[in-house]
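Below: one structure in structure tokens.
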Amino acid sequence: MAIFSGLMMITSKNPVHSVLWLIVTFFAISGHYILLNAQFLAIVNIIVYAGAIMVLFLFVIMLMNLNKETEPQKNRWLKLAGAVAGGCLLLVMVAALKDSDIKQQQALVKEGNIGLIQTLGKELFSTYVVPFEISSILFLSAMVGAVVIGKKD
Amino acid sequence: MPINYYIFLALALFSIGVAGVLTRRNAIIIFMCIELMLNAVNLLLVAFSKMHHLQMATTNAVAGTDGQLFVFFIMVVAAAEVSVGLAIIVMMYRNIHSVDVNFLNRLKH
Amino acid sequence: MQNALQIVYLIPLLPLIGFLINGLGRNYLSKPVISLVGCGTILASFILSIWVFIQVRGGNTFDPHYFNFISVGKLVIPFAFKIDQLSSLFLLIITGVGFLIHVYSTSYMHEEKPEHFGRYFSYLNLFVFSMLLLVMGANFVILFIGWEGVGLCSYLLIGYWFKNTAYNKAASKAFIMNRIGDLAFLIAIFWLIAKLGTVSFSEVFAATNLAKLKTLDITVITILLFIGATGKSAQIPLYTWLPDAMAGPTPVSALIHAATMVTAGIYMIARSNVLYSMSHITMDIVAYTGLATALLAATIALKQNDIKKVLAYSTVSQLGFMFLALGTGAYVAAVFHVMTHAFFKALLFLGSGSVIHAMSGEQDIRYMGGLSKKLKITFITFLIGCIAIAGIPPFSGFFSKDAILLSAYIKSPVLYGIALFTAMLTAFYMFRLFFITFTGSFRGTEEQKHHLHESPAAMTIPLVILAVLSIIGGLVGVPEAIMHGGDKLTAFLSPVIAQHAEHTVAHSTEYMLMGLSTGLVIVMIIAAWFIFRNYQAKEATGLGKVLENKWYVDEIYDTLIVKPLKKLGSFLNDIFEKNVVDGMVNGVGKLVNYGSRQMRLLQSGQVGAYVLLMVLSMVVFFVIQFFIRK
Amino acid sequence: MIAVLLILVPLLTGFASFFIKNEKTVRSWALFSSLVTLGVSLTGLIWLKDPKYLSHTCEWLPALGSSFSVKLDGLGLLLTLLNAISFPVIFIATWNTPYRKANNFFALMLLGQAGMMGVFLAMDALLFYFFWELALIPMYFLCSQWGGEKRIAVTFKFFIYTFVGSLLMLIGILYLYNKTTSHSFSIQAFYDAGATLSAKQQNLVFWLMFIAFAIKMPIFPLHTWQPDTYEQAPTATTMALSGVMVKMGVFGVLRWLFPIVSGAAFQWGDFLTPLSIIGMIYASLIALRQDDMKRLIAYSSIAHIGLLSAGLFTQNTSGLQGVMIQMFSHGINIIGLWIVVEWIERKTGTRKLSQLGGLAQTAPSLAVFFVIIALANIALPLTNAFVGEFLIFNGILSSYTQYYLWFTVMAGICIILGAAYTLRMVRKAAYGNTNEITGAVTDISLSEKVALGIIVLLIFCIGVFPQPMLDLTSGVTESIANKFEVIRYPVVMPK
Amino acid sequence: MNALIVSAVLGVVMMFSSVWLKSKAAIRNVAIAGMVLLVAVNIMEFCGVQLFHIDTKGMISFDKFALVFNTVIFVSTLLYYLLSARDMEKVGLNYAEYFALIFFILCGVTLSSSFQSLLVLFLGIEIISIPLYILTGSDKRNLKSNEAALKYFLLGSFSTGILLMGIALVYGAKGSFNTEVIDAYFQGSPSVLLIGGMLLLMFAMAFKVSVVPFHFWTPDVYDGAPTVFTSFMATIVKAAVFVAFIRLFDQAFGLLQAQWQLFIAVLTALTLLIGNITAVFQQSVKRMLAYSSISQAGFMLLAVYAMNTDAKEGLLLYTAAYCLATIGIFAVLIKMSDYTFEGFNGLAKSQPLLAATTTVFLLSLAGIPMTAGFLSKFYMLKAAMATGKNLWLVIFAVLMAAVSVYYYFRVIQAMYFKEGEPQQISATASFKWTLIFLAALVILLGIFPGLIIGWLYF
């Protein structure tokens, strides 16, 4: 499901369609999160990604009204090469990692409470408070950046 | 559920993202592919976090949370990146009225 | 006790001082002062030499040691002199003849500008200095220093008229050919050092050391030394420089290229006679080379028209005789001939100088003739010289040459035959020269004719003195056969030159030989008289032409050695150096530039391409890590 | 004390002279400083007996195990003396040569001198490398700032060429450093480390370091930078380069190569001696065909250096001793030759032999000096070069190789060729008739007379009394030669 | 810690300073003052004065190395301000914001030099990168700048993806982000997940420090970005990421050295080769410097390859030498009207002082003795040599160093030996004095490297 929609995403001509396909992918991934009993992340994923970010994308695309098959073909070879390279990467990594020493281990499904908001919250504001603060700096800089770039002059 | 499935799934998504970056010319879509790569990573991290939780739940009740928190941070960063990235793309578009990366060839050699 | 010979160091020192004074002051001193200094110093050392000679005759030899020239590791080369019979004799010859020629030069060169006049005399003094160093040196290195020094002076004096390019070329030629010999000499010295660790005569010739040497070593060393001698003493194959050396002023030719320098080789071999006597191969080589040279030079001399060239070739030929003597073990005879030759050849050269002077620079005998009337003294002295060289008793040449012929006969009749034939040739070409120059009618231009005049006293007096010496000079070596105890020279030199196995011949044979040679010589003279009494110049043909062109030896050398070297040089310079050696270096630079130009293209500016390359390299790395490395 | 002064004096005065704008002043300043340096190095000779004044050591890079340690031993004394003598002579000789931005010129010259001093004094590998490069940089700037029209490319080639060499040497140094037990760059530690190396390692180090020295000397076929550089560089610099700088290569071999990797040096001797001799003949033959005096002298210098390196690889007392004194003599003689060429070029505006001639008439004093120096150049007895060449040839003939005779003869050929091309140069430049170029020339002025006078004086002093100079270096020579004796001994006596 | 927080605060201050302060000079002075403060507090921390007591739960540790390195970085940033702050005005209107972003970047630098958890590493690198994207594109009407920004952004975030994948795999193998835990002892062959993650991390870091074959962004971005900021990212940022690189592989993958050493060696060789050879043929000095920065990265990579005390000391010295020299050259370059080599013709005549100092910097980059550049290269070679294997790498490195001389000296030749039309260059006295100071520093470090390295053992 996720893979299929992912593929659709990168193949569909029309940017808008690929955005929509990407959203589908995100939903699928969130599904996996829920399956893995990580509700918090699932929600955040849907809200932040499928919601905010993708909408942002859509806006931009609309703004540039690219919502038609504008993209001219780039030369076949490079495209092919790209696809092949991606395939190779997949192949190689899978082949490399398939016989890892943890392959027989299981991922806990449907139980375990670490995915729940309160656990995460506790951890976040106890152990991970410093990175959290740091990420605020990140946001600050991103904001400044957006201003710098966006401001008309 | 065997962890390998998740590994393969994540790798697949990741590679799809890479392939997308390689094949597409539209800057926005390339960017979206990168987002896809990030999500693949997220998925993998969550799977791992659950795996480690399963291993060490007895000793450490909160084992594995770090993985999920990392995912959270990744999302944060991604959001920030998106804001900046889109800003840059828009700026680009303002100037050359295209988001085709093939037009980015003033700088070479 | 203080040895009476303490002061020998003055003998070379005085000429050196003269050289310094004349050399540095040549711009300030007047000609008379220069001549005074030039001749005075030599005269002084001449007087000293006489005194030394007397001392030595009294049996007082002396080896002063001044300072260590070079001492490295075990090798010690002192700066030391060796005053013994041989060297004292040479001292006499050098300073004596040298002095006369200095005197002669004062008037011969009087037209020169003062500074050049000064230069000339400084060179002469320097020459005498080095020559004295050569004969006084107590070891091969000092000898070599003098050896090179005289070479230098001959170079400087041949090129004395430096405006003339041909002269300079001749000078360089002389120097370089000498260098070839010197190289062999040097190697011989190194060989001695390698084998014996010493170069001083006394130690080398000490029996204990000689015992150490293998025959091979001795042969090699002696041959190398001999090659050195061929360079300096103008023997085959290195003789061609000497005729060209006539470019220098005539007194120089007399002093350096006849009387003294060219005999350095003979001195050196005589000095190391002990070594030579131990290697028969070398002896033969020396003998045959000498003989061949004598013959070759004599033949060439037959057809030369330049008065000085004739004398030059005769010098070569005479030197050949001396080497023949050395080769046949008659060292004394060689030294003897050196002495007599010094007298009469100097006489002849100075005579020719006086002729040239009278002819205002003309050297070609075809434009002379009938000079006997105008230049009386020159005429007579020259005649004496010719008789002496031809070897008519009782003139000096007779005794020395006879001694050589005798020793040749002892060695083998064949040698004797050829030597005799050469002697006849000598007589013939000398008198050819004589008759063409002095008899017949004058063939020069008119103003030359009425410009003809006898040379001033400063020139004629040396001529006379030398003439006298050439007459009586031979009496120091009268053969036993004629007068018992007449051979004083041998007796005098016996401490230095060991007389090895005496195989004397019956006196009757000796008389016979003498008579034969004398007779033939006289025949030759008469023949010359008939042929050249009134000579008319005509084009030489056939063999004559070959002889006139000196057997084309110079040309052969030029094509075989000089030209190829030059070609090689140009090839290396223009092609090899530029394209190969330097090409390699520049090639690297070009390669880098080329690579740079290609690698720039990697930077295509296409994001897609960049990512593609990155991903591919990642794949490669993964493959290496997971599928190849283990 | 002395050692430090030798470096400091030219260094400081050099920096100072950057700021002396007036040309005359800076000339005299440079001359003064070089004379002071000379004085210092002569005092060094006086204190030869008590070496406590001759060496100095202090902390520098303790972390790296490198210390600022300089010392004057016989070898160092010899070459610093050469260095100290050369520069006053150069300054006097070029007194009348005009330079743009004279202050920079003389400053760089003095800095170069300081660098070379350091090279000859350093007792610490890193310090040695420091100075090695430091000597190079000013020379580079001098050549490409004040040189001929092709200067930039040529000197750049020269720079890169030598730089590559020295970098390889740096690796060699580092390699040895890793082998030292005490992890120090001090020369003693290096000597000890060298002894412990295996044959393969020795070869590696030998080549890494030898390349640098070979380029500097230079040895055929690494010589191509030299003629161009000598031709293009301002003659004063050329004097410094050929008089002193090329000795750095020989010096390096003597101090940093032979004592450390004697085994490899011995093993490669049979390969390098013929190479140097080929180089000699090669250079001589080319010199025979040169028309440009500077190029001719350059090639003759290559030939002489070839002889030096051949002497090095005789690796016996006589040969090495010869090398020592020949280094000095060659420096003196070639500087003399350059002075003559410099004067000729300045007066006639050409260096082409084909355009010269008859200078002996218009400039007799020059001709006299010229002839004397030329004769010294071909090693006539009683000139300085004779002693060196005599010893070197003697060394070659008695060297430990079965080809010694061939080597001697081959090298000997160069004596003849040397005479040929030198006399050719003299003949074409000084003799013959004057032409419109040389006709108008006036004779040399006082400054040149003084400079050439000093040169000639040295030529004869060393030529007649070489012994003091030989004694100076005998200690060093012995120690090196003994190292090789030790190696040879088992070979000489087969079991 | 001090530095981290202070720089963050300063960033905020700068943001608002544009509101309060009208004159650019004032803003500049505030920034410079702030920089001085930053240096001061960092040194205070070095001397053990903690302004803030925050328990980072073992995520960050400001050890000596990190602190010394930060000092170096801050000082060079200060010098960078003094030299080039003026020239930021030319870029665009948001003068204060540029400073703010630079301060934020410095936060990132402090993080990446002192992280103990991959999370912090990730955040640090992102905090460095995101403002850089913006600074690159800050010259908005200049297409080159835009293009550079977009390229940098796309490739940068792509590499971020790789970085994250690597981190994820490592986490999968070890179950933690903490470097000690990751480096904890294991028996038998290490898990493939770990190695795969390690490789991916290597690629990502290689990208950030522009190591061949992940260097492609560098020339374009450096060329396109406004020169002022090129100067900044070519020096300080690069150095910072390098420290992160060596820290990561030292602390997290120290035990895996056998696995990655060969790869690093190969990468080094490639980087030296491409960087140097390509630089030879460049026509613009700016682009040449971009490639030279790649080749210098190759040399610094030797430190990662060797990974011993020499290497760390050396890297410290190297970053100092490299930053100082490059900042200096760029400062001069900015003043030039023409960035090609011909632009430098005859500079020695019109601006002797600039020429002289530039020469010192170039010599330092080329690694000539008496300059810091030599000793730093020397350290690198020494370290690599100390590993006792792969001698070919060292020899190759020096050969490439020789090549580098070629293009560095082209500038010197242009300045001194070629004639050129004099161009008016506005160089204030303070600017000149700072240059002199910089040059003096370069030479001083070239003779007494102890001035920096000594602090490690203080």
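Each chain gets a letter, A, B, C, D and E, in the order it is written, and its residues are counted from 1.
Rule of thumb we're sticking to: a residue touches a chain if its C-beta (ideal position, glycine included) is under 8 Å from a C-beta of that chain, and two chains touch if they have at least 3 such contacts.
Since the model is a prediction, treat every value here as computed from it, not as a measurement.
Chains that touch both subunit A and subunit D are the following: C, E.
Taking the mean of each chain's C-alpha atoms as its centre, the chain lying closest to the overall protein C-alpha centroid is D.
Each chain's centre was taken as the mean of its CA atoms, and the one lying most distant from subunit E is C. Among the remaining chains, C is positioned farthest from subunit B, on the basis of C-alpha centroids.
When the C-beta pairs in contact are tallied for B-C and for C-E, the bigger tally goes to C-E. Subunit B and subunit E have Cα centroids separated by 27 Å.
Subunit B has its Cα centroid 5 Å from the Cα centroid of subunit A. Centre-to-centre separation of subunit A and subunit E, using mean CA positions: 31 Å.
Computed from the mean C-alpha positions, the centre of subunit B lies at a distance of 66 Å from the centre of subunit D. Annotation for subunit A: residues 74, 78, 81-82, 85-86, 89, 93, 96-97, 100, 102, 127-128, 131, 135, 138, 141-142, 145, 149 touch two or more other chains. Annotation for subunit B: residues touching 2 or more other chains are 3, 7, 14, 17-18, 21-22, 25, 30, 48-49, 51, 55, 63-64, 66, 73, 77, 80-81, 84, 88-89, 91, 101-102, 104, 106-108. Multi-chain contact residues of subunit D (touching two or more other chains) are absent.
Pairs of chains that satisfy the touch definition comprise A-B, A-C, A-E, B-C, B-E, C-D, C-E, D-E.
By the touch rule above, subunit E contacts subunit C in their complex via residues 151, 154-155, 158, 162, 192, 195-196, 199-200, 203, 207, 213-214, 216-217, 219-220, 259, 263, 274, 277-282, 403, 406. Those residues of subunit E lying in contact with subunit B across their complex are 119, 122-123, 126, 130, 133-134, 137, 140-141, 143-144, 146-151, 153-154, 157-158, 160-161, 164-165, 167-169, 171-172, 175-177, 219-220, 223-224.
The touching residues of subunit C, counted against subunit B in their complex, run 600-601, 603-608, 611-612, 615. Those residues of subunit A that touch subunit C in the shared complex are 74, 78, 81-82, 85-86, 88-89, 92-93, 95-96. Contact residues of subunit E toward subunit D in the complex are 313, 363, 368-370, 374, 378, 381-382, 385-386, 388, 391, 394-395, 398-399, 401-402, 405-406, 409, 413, 416-418, 449-450, 453-454.
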